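Consider the two complexes below, in which chain A is the common component and chain B and chain C are the respective partners.
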Partner chain A sequence: MISALHNIGMTDGMITSSIITIVLSILAIVAGRHLRIVPSGLQNAVEMAVEGLLNFFSDIMGRKLARQYLPLVGTLFIYILCCNYSGLLPGAGEINGLSAPTNSINCTAAMAITVFIMTQVAGIKAARGPKYYLHLFKPVAFIAPLMAIEMLVRPLSLSLRLYGNVLGEETATHVFFQLIPIGVPVIMQALSILMGLIQALVFSLLTAIYLSEACETEELEAHE
Partner chain B sequence: MVEALGISLKEFIFYLINFAILVGVLAKFLYKPFLAILDERRQKIQDALDSAEAANRRADEKMDAYTRRIANVESEGREIIREAKSKADAEARAILDDAGDRASKMITDAREEIERDKERAREDMKGEIRDLALLAASRILEQEVAADGRQDEIVEQILKEQSEGKWNN
Partner chain C sequence: MTGLIAVAAALAIGIAAFGSALGQGNVASKALEGMARQPEAAGMLRTNMILALAFIESLSIYALVIAFLLAAKI
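== the complex of A and B ==
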């Protein structure tokens, strides 16, 4: 079956990503059914996760924006975390169809482009039109090219940061495993757990900041 | 170069669609229902807290009302007792005044009665003395010629007759 998927051009990362998407979707559908006021079991755990994410992003974006963009930033966090941790599963990179999707620049770029587009949409929506881009000319007009470059570089930095970290981490673990197969890889795996979480956090945190900035800029200008 | 970096448009689009599907599914089946249930629970807790606060406030108000009523009952009781006492005092005073008035009236009446009796007795005495004088004078005149010193005897007899009640008309 995996070979068939390979034959149609799907990489291991794409297969893993699909599996993650399917598993998360099933989990969400199962957890979201028959919700009760007094939670129990799975509902309890998922509620804690959703509320935790909402509170975390509320501290950055404010409650209203966090609620509005939680599907994007929350999903980014969960998806990147799952992608990163899929690379820690036994046999990841060795078994057919199992590889961390974030190990591919295409995956990280796809998410970064999504974030870039959503940031523009959020800014335009908040400014009620293309006057959102007037903020590039603030505080002085001649820095507009720099501001534009900064805006355009964001998706590049987001995607390369995540891709580079995960790739570097996996490469380092692989090299250490070949050099000293006992002991050191365990330490690297432990570090990878931490790094996987940090990378997911950084990506979603930066997304939240970008979205927050896009909305805040337009709000301030609207007041002026 | 693009190939060397591992960049593939097909893969990129696949991840894009994959991520978009995941966002859509999680938004519909995870975030929306869970945020709704969290809001509902928050609202219910808030309502319960508001309701409890309102119930506490009502209880406090009732307690205050009862305390006030108890205090009022005590003061009303004291007022009633005070009024009853003052009323009883007034009645007692009225009775005493009335009794005093009646006693003084009785005394006055008695004194007047005595005065009237005294007056009447005086009048009676005057009449009797007049009658006695007339009788004595007529007896003296009847026996004047005799001149034997029996005037004293006649007077004595008349007085005796009077004391025996023979002249009581």
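== the complex of A and C ==
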């Protein structure tokens, strides 16, 4: 079945990311099916995780924006975390159909472009019209090209950071495994656990900051 | 020519790692200093430290990507 998927052009990363998506969706559907005011069991656990994420992002974006954009940033965090950790499963990258999706630029670039478009939409929504782009001319007009380049380079750096970190870590583990097969790769894997969490955190954190920045520029102007 | 490409790949990631190691060391030492002086601000400092580290690290990640591109040419 997996070779049939390969034949239609699906890579290992795509298969793994589809499986992660399906598992997360089923988990969310099952947890949210019989909602009760006093939660128990699975609903309790999921609510705790979502509340933790909401509190974390509230510190960065403010309560209102965090509630508004939690579906995006929270999903990104959970999805990237699962993607990074799927590369740590036994046999990942060796057996067919299992490999960390984030070690390919396609996956991370897709997420970064989504974030870029969402940032523009959020900024335009907050500014009620395309005058959102006036913030490019904000301090002085002649730095507008620089601000535009900075804005356009963000999805590039966002995708390259995640992709480079995951691929670099995997390559380093692979090289160490070829040098000393016993012991040393375990240390690298332990580091990978930390790295996967930090990279998921950084990606969603940066998304949150970009979003709050896009919404903030206009609010400040309205106060003046 | 192949040897030169190998040297170029090694230099690209080596120099970049040198620079970002210096930068990350600075960030971590200052952040830890701040946390030690003001433990109640530790949470905020930690978040901002991770952000700053990510920004610095992304520079060496660019070099890593270039190194991979060069290594693929050998």
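In this section, the second predicted complex is superposed on the first by the 223 of 224 C-alpha atoms of A that agree within 3 Å, B and C clash if a C-alpha of one lies under 4 Å from a C-alpha of the other, contacts with A are read in each partner's own complex, and residues count from 1 in each chain.
Keep this in mind: contacts are C-beta pairs under 8 Å (C-beta built on N, C-alpha and C of every residue); 3 or more make two chains touch, one makes a residue touch a chain.
Note that the structure is predicted; figures quoted are calculated from it, not measured.
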Notebook entry, point to check: Superposed on chain A, are chain B and chain C clashing or fitting side by side?
Noted result: fit
Next item on the list: For A:Leu205, decide between first (touching chain B), second (touching chain C), both and neither.
Entry: second
Margin query: Per the contact definition in the header, classify A:Ile60: touching chain B only (first), chain C only (second), both, or neither.
Written below: second
Notebook entry, point to check: Touching A:Ala144, do we find chain B (first), chain C (second), both, or neither?
Noted result: neither
Margin query: In the overlaid three-chain picture, which partner chain does A:Cys107 touch, first (chain B) or second (chain C), both, or neither?
Written below: first
Note to self: On the A-aligned overlay, A:Gly164 touches which partner chain: chain B = first, chain C = second, or both, or neither?
What the structure shows: second
Check: Which partner, chain B or chain C, is in contact with more residues of chain A?
Finding: B
Check: Angle chain B-chain A-chain C between C-alpha centres, in steps of 10 degrees?
Finding: 110
Notebook entry, point to check: Regarding the shared-chain residue A:Ile19, is it in contact with chain B (first), chain C (second), both, or neither?
Noted result: neither
Margin query: Considering the aligned complexes, could you tell me the closest Cα pair distance between chain B and chain C in angstrom?
Written below: 7
Check: In the superposed arrangement, what residues of chain A touch both chain B and chain C?
Finding: none
Check: Hey, which residues of chain A end up touching chain C in the complex?
Finding: 59-60, 157, 160-161, 163-165, 167-168, 198, 201-202, 205-206, 209
Item checked: Parts of chain B lying in touch with chain A, wherever the complex brings them together -> 5-8, 10-16, 18-23, 25-27, 29-31, 33-35, 37-38, 40-41, 44
Notebook entry, point to check: Which of the residues in chain A end up touching chain B in this complex?
Noted result: 9-11, 13-14, 17-18, 21, 24-25, 28-29, 31-32, 35-37, 39, 46-47, 50-51, 54, 67, 70-72, 74-75, 78-79, 101, 104-107, 109-111, 113-114
Note to self: Under the definition above, what is the set of chain C residues touching chain A in their complex?
What the structure shows: 43-44, 47, 50-51, 54, 57-58, 61-62, 64-65, 68
